[in-house]
Structures are given as C-alpha cells and as structure tokens.
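The next block holds one structure in the form of structure tokens; read it before the comments.
As written, the chains take the letters A, B, C, D, E and F, and residue 1 is the first residue of each chain.
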Amino acid sequence: MVQRNQIGKSAMMLALLGDGLEQENLIRSLEKDGFSVTLGKIGTMESHKIVAAVETAAKKNGIISSEFYREEHALYHATMEALLGVGRGVAAFGAQLRTVGLRFSIVRGKPYAKPEEGEWLAVAFYGTIGAPVKGFEHEALGLGINHI
Amino acid sequence: MVQRNQIGKSAMMLALLGDGLEQENLIRSLEKDGFSVTLGKIGTMESHKIVAAVETAAKKNGIISSEFYREEHALYHATMEALLGVGRGVAAFGAQLRTVGLRFSIVRGKPYAKPEEGEWLAVAFYGTIGAPVKGFEHEALGLGINHI
Amino acid sequence: MVQRNQIGKSAMMLALLGDGLEQENLIRSLEKDGFSVTLGKIGTMESHKIVAAVETAAKKNGIISSEFYREEHALYHATMEALLGVGRGVAAFGAQLRTVGLRFSIVRGKPYAKPEEGEWLAVAFYGTIGAPVKGFEHEALGLGINHI
Amino acid sequence: MVQRNQIGKSAMMLALLGDGLEQENLIRSLEKDGFSVTLGKIGTMESHKIVAAVETAAKKNGIISSEFYREEHALYHATMEALLGVGRGVAAFGAQLRTVGLRFSIVRGKPYAKPEEGEWLAVAFYGTIGAPVKGFEHEALGLGINHI
Amino acid sequence: MVQRNQIGKSAMMLALLGDGLEQENLIRSLEKDGFSVTLGKIGTMESHKIVAAVETAAKKNGIISSEFYREEHALYHATMEALLGVGRGVAAFGAQLRTVGLRFSIVRGKPYAKPEEGEWLAVAFYGTIGAPVKGFEHEALGLGINHI
Amino acid sequence: MVQRNQIGKSAMMLALLGDGLEQENLIRSLEKDGFSVTLGKIGTMESHKIVAAVETAAKKNGIISSEFYREEHALYHATMEALLGVGRGVAAFGAQLRTVGLRFSIVRGKPYAKPEEGEWLAVAFYGTIGAPVKGFEHEALGLGINHI
C-alpha cells in the first residue's frame, strides 16, 4: 500500500486509519522496513499541549533520544510544520476560540535509497477542529517532515 | 474504511492512494453515498496554476457549477486552506525556489447527519515539494474543507 | 448611499457610523431590502473574546441559527478574516501587548442579483488598537465576507 | 460625520463613498481641519502595482515629499498594513489567482489633540477581490495608519 | 567599526557583544555621534513580556518619551519587527512551547546624512530560543528599524 | 570575541563586519575550531534568487554536498528562517515593491559540547531593504540555524 520512500504517506495513513487491522498491518510493514513508529492522541485548545504530547510520546517510545537537543530540534520543526497544516497557516487554536481533537503518528527511518540521505522523521495529525460545542467541527490534518 | 461523515479523510485517502483498485473502491463507495468526486494532477512552481488546475477539474467534472460565484468561492477557500498545509504556512512556492508535484482530489456531498447542514466540499493535495533538482524533495500534503 | 449588492460596504459603514440617525437609516434601508443586521461592542486583549462576542450577538439576534454548525462555520471564517484586517496579518492581540476596543456589525442577506448566489454574510470591525494606556492607540478596522 | 481625531474613519469613508457629493463634503471638511487628502484607483493582480499606485498618487499630490525616505517609509508601512486587510493576512494576490479592483484614499494631518503627537497618515482601500471572471468577486477593504 | 548611518548594525552589535569593553566602546562612539542607547535582558515564554521589557527600558532611560503615543508607536512597531526575526515569522513563543532568553539594545538618533530624514530607532535582540529544558536551544536574533 | 558554541553570533558578525581584518580574523578563528565558512552577496527583488545565491555559494565552497538532498534541505530551511528576519514575517520582496542588497555568511560545524549533537548550520543576512530608489532604504538582517 505504501512504498518504502513514502514516510509522509505512511505517517498520514496511520493517523487517518486509527486503531484497527489496517493500521496494525501498516505498522508491522513499516517496522519490517526498519522504521520506528509511535501513535498518540490529544484534545486541547492550546497548541503548546500538542507540541508537548508529541514530544512526550516520541521520547517515551524511543523515537527520539531525550538526551540530545538535535533530535528534539528535528521533531519540533516537523511538529510545527504539521500543526500549520491543521491550523491552515496558524499554529494557535485557543486564541481563535477553536478546540482540536487529534490523533497523531510519528515515523522515523530511512526513506531514501541512498544511504547518505540518512534518517528522516514524519509527524502527521488527523482529527477535528471547531467551536467548543459538540459536533460544531470539521476535519483537519497536517504533515511535517524533517531530516534527523 | 471511511465513514460517511469523514469527507476530509475520504479526500485525503484518494489523493494518498493514487490510481489503483483501492482508490476505485473508495470512489465507488463515496458515489454510492451521494458524494461527487474528481481527481487531478499538477506540477508547477506557481501556486496560481494549482488553484487554476483544481478549479478547472471541478468545473469540467461538474463538482461545482461554473455559472455561480458562490460555488467558486467555496472551492477557492478550501483550495487555499489545503495549499497552506502543502506550503506549511506559505501558499507561494516559486518565490521560495520550490517546485511541487501534486495529486489532488475534490469531494462534494453531505457529511453531516442533520440534513440542514447541507453540502460541504473537501480538497486534498498529496505529493512532493523540493528544490528544482530531481530527487531533492520530500512529501507534502494539505486538506481544506468548506461548506458550499 | 449604499447599493444593494454592497453588503461589505454596508457592514463597514454601520461599524464606522456608530449610534445615531445615519446608522438607523442605513439599518432600516438594509432591512427593507431583506438583510438582517446586528451590532455589538467588545473591548479586550484576547482575540477569542472577540470571536465569542460576535457569535453570541449573531445567535441572540437570529442572524445565524445556533442549531447548525454550517452557519457558525460561515460566521467564524468571516470573523477571522475581519480580525486579520484589525490586526493587519495577526489575529492575536494580548500576545503582542495590544488592547482593542471595537464596534462590530453583522449583515446577512442576498447581495447578488442572481437568486442562485444565495445568502452571504459580512462582519465588520471598527475601533482602536494600542498600548494598554489611555490615548495610546490608533484606529483599526476589518471586513470579512462569506457565503452562508 | 467624522471627528477630527478619526483620521482612519475619514480615510475609510472616502474610499467607501466614491465620487459624489458626500465624498466632496468630507474632503472639504478634512481640508478645513488642516488635513491633506488624495484619492486614486487601481485594478491589478500584482500587489507591487498597488504599492506603486499609492506612492505615485501621494507624491504627485504633495501628500508626501518625494525627496525624503522618511515620508516614503511611513507611507509604505501604512500601505502594507492596509493591504493585509484587503488580502486578510496575505499581501500577494496574483500568486493566489485573485484580481483586485480598488479605490484608495490617503489622509495626512494631526489627529491627536496634543501638538507633540504631530502628523499621522492613513491609507484606506475599498473594492473587490475575486477570480479573474466578471462578477466572481466580493468586497474587500483595509486600513493602515502610521506616524509620519 | 560601525559607520554613522548604520543604526541597525550598531544595535545588532551591541546585543551580540554583551557586556564588556567592545560594547562600552561602541556605546561611547554612538553617544559621541549623538545617538541614545539603552540595553536590557529578558527571559520568558510570553511575547508580551518582551514588548513590555523593551518599552520599560526605553522610557526609563529616556530613549522615548512616556508622554506621547507617537514615540511609543514607533518603538512598538520596531520591536514587533525585531521579534518576527527572533521567531522567524511568528511573534508568540509560549504558544509553541518555546522559551527565549534575550539581550536587547535600543538605539535612537539620526543615521541619514540629510537632516530632514530626522530621527530613527533600531531595536535588536540576540539570545536563545528552545525547549523549556536547559541546553535544548539555539541562537536567535532580530532587528527592527523605524522612523520616530 | 565569539565563543565556540555561538555559531549564530559568528555568522551574524561575519555578515555585519563585511570585508576587512576583523572579518578575516573571525574566519581564521572559526576555521581553527573546525567550522567551515563561506560568504556572498546578492542584490535583487526576487527572493528565490537569494535562496539560489546562498545554495550556489554553499555548494561551490564545499559547505554542503551537492549530491545529497539532506544537506540541501538543512540549508534551505536555515535560509528561509533567515529570510523571514530580513522580511520581518514575509519572505517575498518584489511582490511588495522592495529591493534588497544583502551580504550573507554560512557557517557549518559543531557548536555544542556533546559530540552527539553533531553538525549545525547558520545562515546570516545583513544589508538594506527599501524602495527601488537609491538611498530610500534601511538596514535589515536575519539568522537561521538548523541541524545538518
């Protein structure tokens, strides 16, 4: 379903699919190809909580090291880029009276054929954004990719 | 795979999947639920050509009427929101020496259970963005949703 | 003074004029042409309070239904566009140590000659933005228009 | 209709009113209060042509000196702020396949009671923005204010 | 080291150099040329505290008058432009879970040869931005210039 | 003058100093510490030419490899961040009728004490931005930092 060099498509599919067999198969296939994967959820009006949720999940599951800034820096910028897709140009939600409910995925590995291209990271979000009223929302998503 | 109210997930999946059986099945399932779907491709450094490609595809395939501004307005803003995801906060590519190669999908229909919520539109892009050098690129995507 | 198809000019004039005979005449003329109008005021450093004030005024005065997300979505994006004019590219004020005092107007109706163009919505703000010191401020305004 | 300290409201009203008696009366009243006023029009897809049109009108009509950068700098930033209102956060139109048709006004003078506050400048735009198809457009406006 | 007309370079050098002989020499040289200079420090996650710190330093040290809005307005916009350099397009830090530690300088005077160009103001920041974890940060800086 | 871990300060100083003994000394000191350095100049109204000038200089002088996308990606994002400082939130100049004349520097090396933090890259710009009229301009600068 997903080619080896499609780290972004892989991350987006994982977030879109949600729990279930398809997601599990994709994770297994990615892990067989040497990718690390983690998943999470966050509902909030404050964008810094989303950044923190992604970072915590990534460190807890060994996607990035918590000892070096370098890896945190790579993840941070990938996360911010993905959030700009969710907010469509804005990365602050409560300031605009919007609440988000998001699933996210993080995929790390070597998507390029040349070994010198090294490791890359993809962060994907999928969920809803809307007024703080049940059902007053539509879908939103975003993807950020960075070298690590 | 996709629930009836997930017009954004549907559009994103269509763009991610590309030509093939899975995409065809999803289109068939969407059309059975009363959604209209169209697909297209565009490679360019100029964002206005992307806007034009989406609009042309939507009109040619009857997704929006070409006689009323109202529908063009709904599509335009959905497209701009999706482009902000692709450009991660910027919707101009050549000005930054980036070239994009994108597949896109447009889905129109009634995603909400209440009939008064009426018709909505989702525009999704998936492809690559990068330097104007073969292979010097990574994936990018975006989704925009609007009422129509 | 204002033509039938100038829903934006109408909304901006209402916000600029403030209470008085000219404003009343314009409201009467708009209502005769089938437009709904509401007015409000808000002083704050937090942009989400402006969004909430506009929404509350619109629902309380029957400009939009409070039962359907569709209408809230149309109003929300019109409000955000108008706020970008007030903040000149930014829609967050307290984060920049700015306080705003704004009058706003909301106008809903059919500005286009063709009946198929349906209903549209205009949100206009006029007031002052500045340091949290009396008199240390200048005027600011914005207009957002959306189909509904 | 407009108070002496409302340089922004004055500029916006001039652009909204367009040619006619009301506009003439407002110009006369502003000039009596010591303000300089100029008006212009521009239709384009390129934002730099709008900047140039405002600057040319301001210099030709003696609103700013063409010999000193200081005054050009004040006008430039006021123009850019007004354009951000027109584009609602973006100040580039052709890149998004949008065409604008705008009237503009420039007002210069002393809006504050204290003489030390000196001279200020307001730039206002009013017109339409839309697809490059006749009638496929809605209104847009913006205001920028700066000390000079 | 710095030419008379390089008010921006002067401000940036002062912020870069930090306490010490080189900084003192540059201040002395600027003051001999008729420039006013002040320096400060701020560590925070909230951008409005940076704006407040700059303003307080400027007023306390007589760089701007605290009685007139005109001067506060000039400083405010110079500060915001400098902050956009620090945040690289964003001027809100805590919302993105970033903390900043900044030195700043403010320089006021006449950088242009023609006397009619009058006084200008430069605000420069230099420091670090990063995660709220010691050492997880990189350098950032920004410069804003305005006529006063 | 500059500490080993201040790759950003180093890059900014090189761009500020321009040709001369101080610049040469700083380059020598950086090279002794294992950093690679290159310098360049560009005058243009088109931001993509700035991106191209930086990239060409970096490749020609061996700062980045021209064979791997990874290094181009790191440089590209550092350049874009630095340009956002120059344009103070915007990275397109001709669209706003502004012309820029910039010196730039690129510094690559290991600024952190821990060897695992690896190599980083700093791009700095310093010059003028203004109207396309001689002398109608003020200084502008920017810095971008990325892991490589």
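The working rule: contacts are C-beta pairs under 8 Å (C-beta built on N, C-alpha and C of every residue); 3 or more make two chains touch, one makes a residue touch a chain.
Worth saying up front: this structure is predicted, and the values here are computed from it rather than measured.
Trainee: Can you list every chain that touches chain A and also touches chain F?
Mentor: Chains in contact with chain A as well as chain F: B, E.
Trainee: In contact with chain D and with chain E at once: which chains are those? Just list them.
Mentor: C, F
Trainee: Please identify the chain with the largest separation between its CA centroid and the CA centroid of chain F.
Mentor: Farthest by centroid: C.
Trainee: Indicate whether more than half of the residue numbers at the chain C-chain D interface occur in both copies; give same if so and different if not.
Mentor: Copies use mostly the same positions to touch.
Trainee: So which chain is the furthest away from chain A, centre to centre on CA atoms?
Mentor: D
Trainee: Between chain E and chain F, what is the separation of their C-alpha centroids in Å?
Mentor: The separation of the two C-alpha centroids amounts to 20 Å.
Trainee: Could you work out how far the Cα centre of chain B sits from that of chain D, in whole Å?
Mentor: Those two chain centres are 36 Å apart.
Trainee: Can you work out the whole-Å distance between the CA centroids of chain B and chain E?
Mentor: One centre to the other, that is 44 Å.
Trainee: Specify, in ascending order, the residues of chain C that touch 2 or more different other chains.
Mentor: In chain C, the residues touching two or more other chains are 69, 73, 89, 91-92, 95, 112, 135, 138.
Trainee: Pairs of chains that touch, anyone?
Mentor: Here the touching pairs of chains are A-B, A-C, A-E, A-F, B-C, B-D, B-F, C-D, C-E, D-E, D-F, E-F.
Trainee: Residues of chain D touching chain F in their complex?
Mentor: Contacts found on chain D: 46-48, 51-52, 55, 69, 72-73, 76, 80, 91-92, 95.
Trainee: How about chain E: which of its residues touch chain D in the complex?
Mentor: Within the complex, chain E touches chain D at residues 65, 67-70, 73-74, 77, 112, 114, 116-118, 146-148.
Trainee: State the interface residues of chain F toward chain D in the complex, per the touch definition above.
Mentor: 90, 92, 94-97, 130-131, 133, 135-138
Trainee: Looking at the complex, which residues from chain D come into contact with chain C?
Mentor: 1, 6-9, 12-13, 16-17, 22, 81, 84-86, 88-89, 91, 112, 120, 122, 126, 135, 138-145
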